[in-house]
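Notes follow once the structure below has been shown.
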Amino acid sequence: MTPIIEARNITKRFPGVLANDDVSFTLNKGEILAFLGENGAGKSTLMNILYGLYSSDEGEVKVRGNSVDIQGPSDAIELGIGMVHQHFQLVPVFTVAENIVMGTEPTQFPFSWFAFGLSSGIVALLSFLGAMIGLNNVGQWLLAALAGGGIVAGSYLLFYLLGRISSQKAGVYIPVISAIGITGGVVSALSQGMPGQIPLYIILSILFAAASYPALRVLATALDRHTAARRIRELSEQYGLVVDPKALIEDIPVGIQQRVEILKTLYREADILILDEPTAVLTPQETEELFEIIQTLVDRGKSIIFITHKLKEIMSFADRVVVLRDGRVVGETTPEESSRGELAEMMVGREVSLVVDKEPAEAKEVVLEVEGISAEDDRQQTVLRDVSLSVRYGEVLGVAGVQGNGQTELVEVLTGLRTATAGRFHILDQEMTNASPRRITELGVAHVPEDRQRVGLVLPSPVFDNLLLNTYYKPPFAKRAMLQFDEIHAYAHRLVEEFDVRPPNEELLVESLSGGNQQKVIVAREFSRPIKLLIAAQPTRGLDVGSIEYIHRRLIEKRDEGTAVLLVSVELDEIMALSDRIAVMYEGEIVATVDADKVTRRELGLLMAGSSLDTLKEA
Amino acid sequence: MTEEKQGLGLFKSRIAAWPSWAKLVSVAALLGVIVLVSKWLILLLLVALGLWPILVLLGLGILGVVSTRHGGWPWMKEWLGTKLKPLVLPALAVLAALILGGFVIMLTDNAAYQAIGAGQVGKGIGLAFKNLVRAYVALYQGALGSPARILSAIFRGAIGGEGLKPIMGAVRGPSDSLVQSVPYIFAGLAVALGFRSGLFNIGAEGQIGVGWLVSVIVGFSFPSLPGIILLPMAIIAGALAAGIWGALAGLLKAETGAHEVITTIMFNYISFRLSEWILCGPLENVQGTCRTKDVVPAAYLPKFLDHPVTMHWGFILALLAAAATAWLLFKTTWGYEMRTVGTNPDAARYGGMNVSRTYVLAMFLSGLLAGLAGVSQGLGLTHNIALGFSAGYGFDAIALALLGKSNPVGVVGASILFGVLRAGAARMQSLAGIPTEIVQIVQSLVIVFIAAPAIIKAVYRLKDDGDESRQTVFSRGWGS
Amino acid sequence: MRKYTLISILLVALVLLSGCGPALPEGCEKGDLKVGMVSDVGGIDDASFNENTWAGLERADEELAVCAKFIESQAQADYEKNITEFAEQDYDLIITVGFLLGDATAKMAEQYPDVNFGIIDFAYDPPIPNVAGIVFNVDEASFPIGYLAAGMAVEQDSDDPQVGYVGGMQIPPVEQFIVAYEAGVNYYNEQHGTDVKFKGVYVGDFEAPDQGKIQGNSLIDEGADVIMGCGGKTGNGGLAAAKERGKLGIGVDVDQYNTLPNEKDILITSTMKRLDNAVYSVIESLINDEFPGGGLYIGALANGGVGLAPYHDVDVPEDLQQEVSDILNAVEAGELDTGW
Amino acid sequence: MTAQAQSIDIPKATELSRKDLVIAVLFLILGGLILVLGGFGTQPGERAIFTDQILGDLFSLASRSTLYTIGSMSILIGGLRLIRALDSLKSVLTWGGIFLMVFGFLVWITSGTKLNITGMVQSMLTAATPLTLGALAGILCERAGIINIAIEGMMLSGAFAAVAFAGIFNNLWLGLLCASLVGGLMAAVHAVLSIKYKVDQIISGTVINILAAGATRFLNLRLLEPSGLSAPGQLGAIRIPLLADIPIIGPILFENSPTVFIMLILVVVINYVVFFTPWGLRMRACGEHPRAADTVGVHVNLMRYVSVTLGGLIAGIGGAYFSLDVVGAFEDNMTRGQGFVALAAMIFGNWSPVGGFLAALLFGFADAIQVKMQILRPILPFLNVYIPHEFLQTAPYILTIIVVAGVVGRSRPPAEEGKPYEKQ
């Protein structure tokens, strides 16, 4: 049997990076093929090539045995390839149905025929009355056109009711008729007062015909929201993917958004589905559901490629695994033939231990005391509800939770970047509720922000500027509001060396650094101040293993120096490895706070999915 | 840092050792001397400007002689390359814009069309070209004078014993160009400062009017004050008023998120309407003139030379303002805040900066600089304000800031270029009958070519060396 | 390499351009009287002062041994510079247009005592020896026209006769028209015991025909029967409204019957302010060595400087025509106060 | 299942928000002012008569008692807002109150005289025409993700082209067509600069504006005026028989100049296209989330080119309004910043064609009332002066600032507006 996809020797270069280096693989019908690899191993690039978002520099792709050239997503869709992107490609202000049908919308004829009949009527009448009879009053034309339009509209309606023209066909025919007519009409109208300029009329006719057909084609097709909703409901039932077609994307949770993404591919009748890191934003329970859905899809004859860096998912789930590292295929195996350890080694290229050595924490006095904080997100929805927690000197409090459960807002409130609508918090016994970021920073609070590029760095500025982002105004960097560049450069140079920022040049623009080194700049800035409390949000997101290790080591160092650490992360492993205590957030609330050594992954997963401690114990 | 200090460094460290009174006295003395000889310095500057092609050729010659000691042409090429690199793209953009403008002039030549219509195609094309050359020669001479005339004037002045009079006439062009560039420099700095802070101040035109009006009001309201008090007072009052007018837009943005592009445009219209009322109403000096009283002479920005050279101290003020803006932006914590807010307001907030305050401050300073443009016009040239004062400096300033890459030095250069174009336009109109708006067309083309260097690079087949500095991004959507 | 070639070409071109030296052709015949005109910020095509003045210069250029040039001012700060431009080129006469240039003209006249100046719509007190003020007693023409308009309004709508105007900016040369116009309407009311109302709008802009039209319409909505468009292009908008609504209109400055082809059939007449004639005769007087330096050229009914355009398509009753011409005579003789 | 979680919404804090406070205080102050106007600005027994030009007097009100009623109602509404009573009817009350106050102001102006109310509505519609067309142009661009600050420039070039080509072809309708095409051409330049060359869209728009201002005047002086083509005539009003005879609305809706009809049709058509057709769906997706559109096979940049150019075609018609429709001649800078006001109308109308139209009507109203005040010349009590008309003329601009500042409700721009789309 020919494989449904066969990719040979795919190579893709980006400036300075070889993203895919001679990658080959095959996908068979009804198979679940997993691509395993670290961030930056080239998985997403490969999939984007398959989906036509990138074009490969070398290599060829065969689909169902035919060599194909996928120029863009529409080609991929044509070939039956559908892709669920890591970042959902959904328009937040559109409804579920609109998102699903966009690009291949069901249409109907608008205004129950009248408008188009009308335009055809205008046609006929303008051309005949205008040119032949020689009426010279535009109002008379229009009135006549209105009457004629009614007649033509009526006759169209009659045809339609008699079933002689289907809606789809009418959407083509009528614009054609109308375009010809409108052209004639307008040209004859224009010809009033300048008789005899034949070439001009010819040009105008061509112009109008060329312009009016596409315009009328657009006008002649209205979105058929009923059919769309019906089709979606049918698909939902068929595959067990329940969604409300009329809900707005921005109002539904990510799990459902992912269903919408899958429905999008199914609606296009894709039989090859590419899922790019589908579980990154899901709770363990939602992940289970997703796997069930995928199983259903495979049962109905779809073939699946899915991308992950989570070993567990592969072991439980994939038929075959392709491991990528640095853009190359480093191995191909099946879960049965291989162990988690082997896969991990293949993926990273060396033996890794994600366990951080650390001493047990010594509980000391409280640094951060949060009491009943609530806050709203940018859309004025309450997303943080009555959160209380405390962090002490020398301990790491991990905040676990699936992304989007209020952690972002919690960190923003604690660092002064967002207003709390209720509750208060103290840092070092001083009330800091809704204090300015500056006051909070000056108290000795460091903040490693979640979105380092948007919030933590000024990308088009040099490294030394970024190293001073929250100390620029203090001596010795500034004297009487004048920046002291000698001091600044010396300081920056020292930090760059100390924190091993590569390349070690403080004059470089931050945007030219790699993600890991950008994060090092932030860490250097935040850790080299005298700090009492460190708030780190997703400190290792998107970094390579080496950088992750480095940052983890630095964090624990800080804790051992006696700093209080509040660590927010969606990576369960990271939380478990670093935290002394763990607070779990769900839907903006803290559902439980537990000691790190007294809880299992499974329990945490359940908590993250909204179970309470009590139910856990019962279970 | 044990290395021996040499030359300037040594000099600096010696001066640093002086007692502070000695520093003050010496600075004052230096300033005094500069003021005393300023008349001659300015005259020298104008003559040099008029003779620049000769000076450049002379300089190239000297460079050529020097280069023989360093290995000749390759060394000279490299030296020129490093010095001129940042000028290449703007120069080519201006050149391309002038060439395109030339095509526009030729294509709209009625006389040529008439000739072509009469069947004399060759003559028509020749005529169009002749008219174009005439127009551009007039443009050049109106703006920078004619070197031949300047040389002969110097000759007549020095040897013929006619004194300064002929030279004054000969350097009128360069002087006009610089005088025209004064409001451009201020307004360009205003917009550039806004750009650096992430604000797009289209309201400079209105702010210019406010500054102009207020400085003139102060200038005639206190006739008994001595100039040493009155002049600074009028300048500061005008600048502050315009700053506050500008800060309103900043305040609106900071407090409500109203996009400054819309609000500043609206403030422009409001200030135009109100100034119409105030000029033909309460402040009208003589019934029927729609003009305020004249500023007392004590409040004039002094002129350096006699008529017809109109160079006044506003030019020096403008240069000082450019230096101050550069210093503020790049050497102070305020500037650091403004630049950070301009490139990434989220990071600025994270860094503990007060973004709202910075917006207000930046709009205040921007308005203040724009106001100085009006002040320099009011106290330096017209000495009053009348209906129809608006000259579009505020809108051209956008182009200037872009052309100068929002860098004060660049803005000064671009302003002088625009001053040159504008000063020459009048001569071009009077001699060749080309409407002055050709300058506007050329200006907009210059912006296009500067903002989209890819076009210029494609036209001149330059290598894309990818060293374009990132452009400030304003379009973050309206409101919120 | 290419860059350097280009730059050197540019350099050489510039040197050549500047080196072309003083032998720049001016387009003037030798011996011609050189006359320059400096416009105000309205520009040479403002459908008003500047355009009409330039028409006079052009006529002189064609008919007399005169070489006429103009510079448009873009801003208040340009006035002195532009006058200097002509003065330095040894022009014989410089016409500055509009009261806005009053200041600059006075200053420059002092700088260049050998150059003659003429300024439109402005008179100096005390006079300056080399400047001739060119002023117009527009009110002399506007007053009878107000009377005429009132008469026509009664003719059109005897229940509620109203006369309106659409003004540009509220500045003295415009007010001069309007004040006398209103006085004329009131005079009609006195004479005939009618109650012709007088109302109007200033648009605040000389170049806003769209606003002029909307506001003219608004006036007509409130009952105006005769509209005077007074203020460049804005006024023309007011006349367009009158045309569209079937009302009557009155033009200004020139016989707008000839300049507004769209509205000509509703124009009763126009209040003419013959800037072109005035300028032409000032130039002529300079040629004849009779330049009224230090004095005034006054355009009045008596010398044809102002006047009524002929009646064209609109029928004006015989008796009204008679009354108007009587008033014209009375005004010319100084027997009637025009209110200005 | 998870849908339930969404419905849980904790009630918001019970404090009075700053916006509410501002509105309440404004209502109290303005209500008081209206009472003062009623008490001292009108004479007892004076009536305000509203008329129609065909039907004559429509209705009349006793001005003093009307003003007293309206003033006290406004104060009541402000008070309710202050004590947070009837919170659910908040927006209805606010808008109703604003309407009442505006009406009260009209009554005061008209007190003791007559006001032609149908004429005023028609002026509003006329004044709203270029604003609406400009706003439609803006909507098409911005919904597709390209900021359009160049409406002004497109309209101005359209105004010029209309006259130039009407003169050349000696046909007004061809002039209108060419105005549209030239507007589209300018828009295409904007599109190429901002899509292909990724010039910041505000800068590229500014370029269009400067270029249009310079080039139209240059060409006008150098080509149009010397050739005598500058006054080709005027598009007359079109009267639709029968329909125009309907009282009151007939003259308002069915007897208008062509651009007004075109504007009304376009508002309906564009609204339909943007919100009810597949094309509109894709186009909006390009402004909200271009990558999502790309992944379903929509050619984002092509869509943007088409949208922007279409916008320019409409803006060009808006320009023709100024030249062909109003006076039949081109004047320098005849759009005088209406393009920017159109931009404000677009924002106020929340990027929806119908919304933009309503906003434009509001600006038209501000202008119309300003004119009426000049004509009727009400005298301010106590100060005994007319309000200088320059002050009144600032009203639309102040209104725009108030709108943009979000005092009367926030608008939400397309999310990805202003960012060039790169396919990676």
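Chains: A, B, C and D, in written order; residue numbering restarts at 1 for each.
Basically, a residue touches a chain if its C-beta (ideal position, glycine included) is under 8 Å from a C-beta of that chain, and two chains touch if they have at least 3 such contacts.
Please read these numbers as outputs of a predicted model, since none were measured by experiment.
Enquirer: Have a look at A-D versus A-B and report the one with more C-beta pairs in contact.
Expert: Looking at contacts between chains, A-D has the larger number.
Enquirer: So how far apart, in whole Å, are subunit A and subunit B when each is placed at the average of its C-alpha atoms?
Expert: Measuring from centre to centre gives 46 Å for this pair.
Enquirer: Could you give the separation in Å between the centres of subunit B and subunit D, each centre being the mean of its C-alpha atoms?
Expert: 36
Enquirer: Which whole number of Å gives the spacing of the CA centres of subunit A and subunit C?
Expert: 66
Enquirer: Give the residues of subunit D that touch two or more other chains, as numbers and ranges in rising order.
Expert: Counting only residues that touch two or more other chains, subunit D contributes 217, 221, 390, 393, 412, 415.
Enquirer: Which residues belonging to subunit B are in contact with no fewer than two other chains?
Expert: Residues 273, 276, 435 of subunit B each touch two or more of the other chains.
Enquirer: What positions in subunit C touch 2 or more of the other chains?
Expert: Touching at least two other chains: 170, 204.
Enquirer: For each chain, which other chains does it touch, given as pairs?
Expert: Listed by label, chains in contact pair as A-B, A-D, B-C, B-D, C-D.
Enquirer: Mind pulling up the subunit D residues that touch subunit A in the complex?
Expert: Going by the criterion above, the answer is residues 2-3, 5-6, 9-10, 12-13, 169-171, 173-174, 177, 238-244, 258, 269, 272-273, 276-279, 281-282, 284-285, 288-289, 291-299, 412, 415, 423-424.
Enquirer: Show which residues of subunit A lie in contact with subunit B when the two form their complex.
Expert: For this pair, the touching residues of subunit A are 415, 417, 436-438, 441-442, 447, 449, 454-461, 465, 468-470, 472-473, 478, 481-483, 485.
Enquirer: Can you list the subunit C residues touching subunit D in their complex?
Expert: Of all residues in subunit C, those touching subunit D are 43-45, 47, 170, 199-202, 204-205, 207-211, 213-215, 217-223, 233, 236-237, 240, 244, 260-262.
Enquirer: Per the contact definition, I'd like the list of subunit C residues that touch subunit B in the complex.
Expert: Contacts found on subunit C: 2-4, 6-7, 10-11, 14-15, 17-22, 24-27, 36, 40-42, 69-72, 74-82, 84-89, 99-100, 102-104, 111, 169-172, 204.
Enquirer: Flag every residue of subunit B that touches subunit A in the complex, lowest number first.
Expert: For subunit B paired with subunit A, touching residues are 331-334, 336, 339-340, 343-344, 346-354, 470.
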